[in-house]
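What follows is a single structure, and I will ask about it in a moment.
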């Protein structure tokens, strides 16, 4: 080649914006910094995620589901970012690991966590009764006291039946909310805020965390509390179906990956492939993760791959962003950006409509089966 | 400094082996190559994992639990490696994502998957009815037919009650086993082999996969199949407690991370912290993962961190290995190494002792409570 | 265990700050957001890096060296962040890959780069004469015209001798500076700013980039321009030695890893191990990278490992931070933080003292050899 | 959708092989294990790399360049894998970091390295005079004695002029080769084997390593040894041009990434873009790395991106493989595979033709300029 490529005239300027950031100045606000200087690589992706979230996902009253994995609440991001997002009406429903909800309890119960270091000697820590989550430290008593709180709460009569995790977390959140009030603290716990704002919180692995462990221990006594996994599967699909069938949008905001990522995405195959109801897939997709596509897990699977499964609407593939970054960096930034550039929305209180939504889905499924 | 460090005489030669590998030769067997040339970095860790597995974990009849995440069965590693390990009696119980079990069904039902490419156009694939898992491809019909198989199977009378996932997978595995026999194929499915060898398989997120989705859909009809998550939590703790309280060892072999990693490790805090029974932690620990400690999830949490929680016995910390590598590379190598250097063990058939083990744990818990 | 760990009283509160972030609010400035909500994991590390840079590295007139790898200037971070840091007197000397300097030229010469996408078809791009650096796009002409600029510049008489890369980049920077003036643009190019502020820029791999390629091509004609690698090695060690021997501090701010990381760190072993001059190692160390320690390269080697080599003062190990994050995210944030919380420093203009510094080092080496 | 996707008949079976691996058996040889069970994800990529290397790169007498980054020789992979590959005639020229060549000297000089651990206390190690490279340990004396060897060798008269790095390494390799003979060891050092087999070894960053540091120190005395970087750039391009212009193939086998990756790839833009000679790009491309495309460095840039630069022939894009794996795992496997499945080739001894090749390139450049 050589000669024939020379002096070609491309039309780049018609398709893409020029990349010429402004110099960073003293005293910039977060949104200005993002828009001015985050232009390429994962910095560029983070800026795109900020704009996709603000300009499309929460615009027009679309329904936003968020999935939580990784040590977000231990890192203080429940209080710093997730609660403010719920309060602003920017997150309508949540799938979380059990661990994020269990450690959220420490905050809601006024217990103390400490900003430590990842380089401590764990044998010493074990001897001294100190628990470590990477660089977050707390006393072993925090576990024991939180366990005791859970065991006491779930002995209440309202817990003595089989229920889905959104109901379980709502009931538990009420106890946390009341404890917060009593302690004079507020806006500290995701579970408490979810109760207050009617945000349904599910977990895809109900036995996998100290909450589930305590529920299981009580079942060795005489507890009647059992989790209805089937209802979780159908309830989450019902939330997505309610949004889509009403002409609104359904968006997923995925922090990390893991089982919650699959659980939030499988709502669409549940509707289409299993229940046989015509649907097209989620509209908008943001994932913040360190998991690359090649490493074998769904955590790193791309929105493109999700299109092949019908999880994401093929026509909306351009409206998907994967940002490879630590959520402890990306989530505060996106939260600050969204709060700065979009006014609060009225909370949807999807929890209040849970029976109605799942009935609608069941009705539609019956229709499909009768047609078949 | 400079001068004062010069000519110091260290005692490295007394503490560590010399690093001087043999040149690689034509026709080496796998175990020879590993022992001869895998000396440092993750190569060194993989060699250590091979030896830890063979010389300690499966030595002396210790109990070995394996957790599966990432697309192992889609990549063919069920048939290539996991079934051979079960057949050799090297894996006694399993925690798996639902996805690994769902895609295992395709193999057991004689369906066709293809070795494709990660660089295909997903919008085209969607149009053509092709499903992609990274570089594994198959027809949309594979999903529909597998779904139909699951839905048909679980309408059987033996499924019409609430059960733990090990029982559910055992019952389902029987159907797969019979289908394999009918098709004249064998040693192809993890679920089938688990049924044959009495290896209990749990999933920590029972609703999170197409299996769980179909179970949930049937619950919208008139199915009586519900999952007892509490029993899973207690049953897995009971397996570990049975091993440890009988003077044997309990080892974990973690492929990937995710919820199954936490679920296999939380057995020890369930025994110690929640049930209050004296125990020290797992004895041996191997993890093959790409998740680093700093990225926020339990997937990357180190054995050291697990010590601070009582998940791993502090005195056994030197007997832990984390190898940062693709399981699609590490698992075949470790399997080949173990089969080459250790004779088969008699299968423990832990499934047959499930009631007995959980009763023992419940009895011990009662004793602890009475003492308190 | 169990019982014996219960109710232990730890002294965490005396050693570590409580982890209780403030909720993110509308309109926060960057430094407030960092201090308020970046508490753990890599978010915590980034906050620590911001404070280490501002409160220790640039405090007290310490000397700060920066190493650049990865596509920083293509991503616009020359103009957005590096030039502002130099202008504020926060970066005193630089080791860069050749690529970062070559692509910096496009900005200094007023050429156009575009914010594109990483998902384009490269065979099409090649056909259309478009060059791609991940998601940054530009015309093939940009390369040809930049090459022509370099070839023309280095035919000047001031280039016709053997020189170190700091001199080469200074001379080239003068041409860029003049071109900027002519075009009426400013603060756009790292090379130009380095010339203006007397910041020496070295490259550890002088032949490895289009700049080096053009220099080599001219050597096939009759150019007398050769690079004196030895001078680079000694000059960089001399900068560090000048700082340390005058009682000041020497800090490294490492963006990425690679050869520039080693080159900036090897200054200390050059002083101690090779030249035999008593020294203790760099004082402060920040690295922003995605390279983990286990993956085999110096890119991921920890400050601890550097201590074992004498590269970092063992007593200063607590003053080292590694943040695993994209530099396209971390660098703008750290720049904004530093500009917001520390007033500008007078530029050190180390370039003007290059002969003096290297002579001092040579003199010291002679003394050591005479003593031996 | 739903209905319209059902029962579509795809033609996957015509385009892709069925994914149905054989069960792993006792006593398998390495190549059998790879071909039988490495089917997808990075396992699949590693198998593809093994076959691409053996069936295309070293078939038909093609020229193979290898780039080395990361701690390969410290990990013993010089002796284990790289020397056997050179001896078998499978690697014709090399770009290496200086560090890999410096640490290779320890082996060639019969010094002792030890297989240690990454979890040691570096402050203690520093005090005890122990050097750590991740989990490889050795005495500080190993550095001092290697330094002394280098300084002594380069005082020889044959070193007293300006030379390219291939000549420098050849001359140094002769000393190592002779030392090996004297010590009665063999096949231990890459530098020695390169001398013996006429394999040119370049480094892209000649000052960046203890070799370069000692060369620089001697320049502070009266050494006349200077590195001609320009010759390196042109010599490497000349090797590629000699292969391609003679109708043969040019392949790159990239271990890690970094500056050596760029240096081996820039040979094609040097030919095409800078010298203006018609060429199409490298034919075959294997990279083993942990660097993902999104993280900002050329280390992670894909073969596709290289196509947009003309570094890789667009028509050969299907013949490129990137395997995300530790080189300490992948390199021994690929070496064992190649030695098992391909007979040795006669060494090309490209070093002996260095003047001839660079003259041919210069001649061609002159022609192009005269035509212009």
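By written order: A, B, C and D. Residues from 1 in each chain.
Keep in mind that, in the parts below, a residue touches a chain if its C-beta (ideal position, glycine included) is under 8 Å from a C-beta of that chain, and two chains touch if they have at least 3 such contacts.
None of these values were measured; they are calculated from a predicted model.
Student: From subunit A, what is the lowest number of touch steps before subunit C is reached?
Tutor: Contact-graph shortest path, subunit A to subunit C, evaluates to 1.
Student: By that same contact rule, can you tell me which chains touch subunit B and subunit D alike?
Tutor: A, C
Student: Quick check on subunit C against subunit D: do more than half of the interface residue numbers occur in both copies, making it same, or fewer, making it different?
Tutor: same
Student: By CA centroid distance, what chain is farthest from subunit D?
Tutor: The chain lying farthest from subunit D is A.
Student: Report the inter-centroid distance (CA atoms only) between subunit A and subunit D in whole Å.
Tutor: Here subunit A and subunit D have centroids separated by 44 Å.
Student: Report, in whole Å, the distance between the mean C-alpha point of subunit A and the mean C-alpha point of subunit B.
Tutor: 26
Student: Counting only residues that touch at least two other chains, what does the list for subunit A look like?
Tutor: Where subunit A meets two or more other chains at a single residue, that happens at 5, 41-42, 71, 75, 130, 134, 144, 273, 292, 294-296, 310, 324, 326, 328.
Student: Okay, in this complex, where on subunit B does subunit A touch?
Tutor: 69-72, 75, 97, 99, 118, 122-123, 125-127, 130-134, 143-144, 147, 162, 204-210, 212-217, 219-220, 226-234, 256, 258-259, 262-263, 266, 269-270, 273-275, 290-299, 301, 304-305, 307-310, 314, 317, 326-328, 361-362, 365
Student: Over in the complex, which subunit A residues touch subunit C? Could you list them?
Tutor: 5-10, 12-13, 15-30, 33, 36-44, 46, 71, 74-77, 79-81, 83-84, 107, 112-117, 128-130, 134-141, 144, 187, 324-326, 328-330, 332-333, 335-336, 339-340
Student: In the complex, go through subunit D and note every residue touching subunit A.
Tutor: Residues 1-3, 5, 41-42, 45, 272-273, 276-280, 292, 294-296, 310, 324 of subunit D touch subunit A in their complex.
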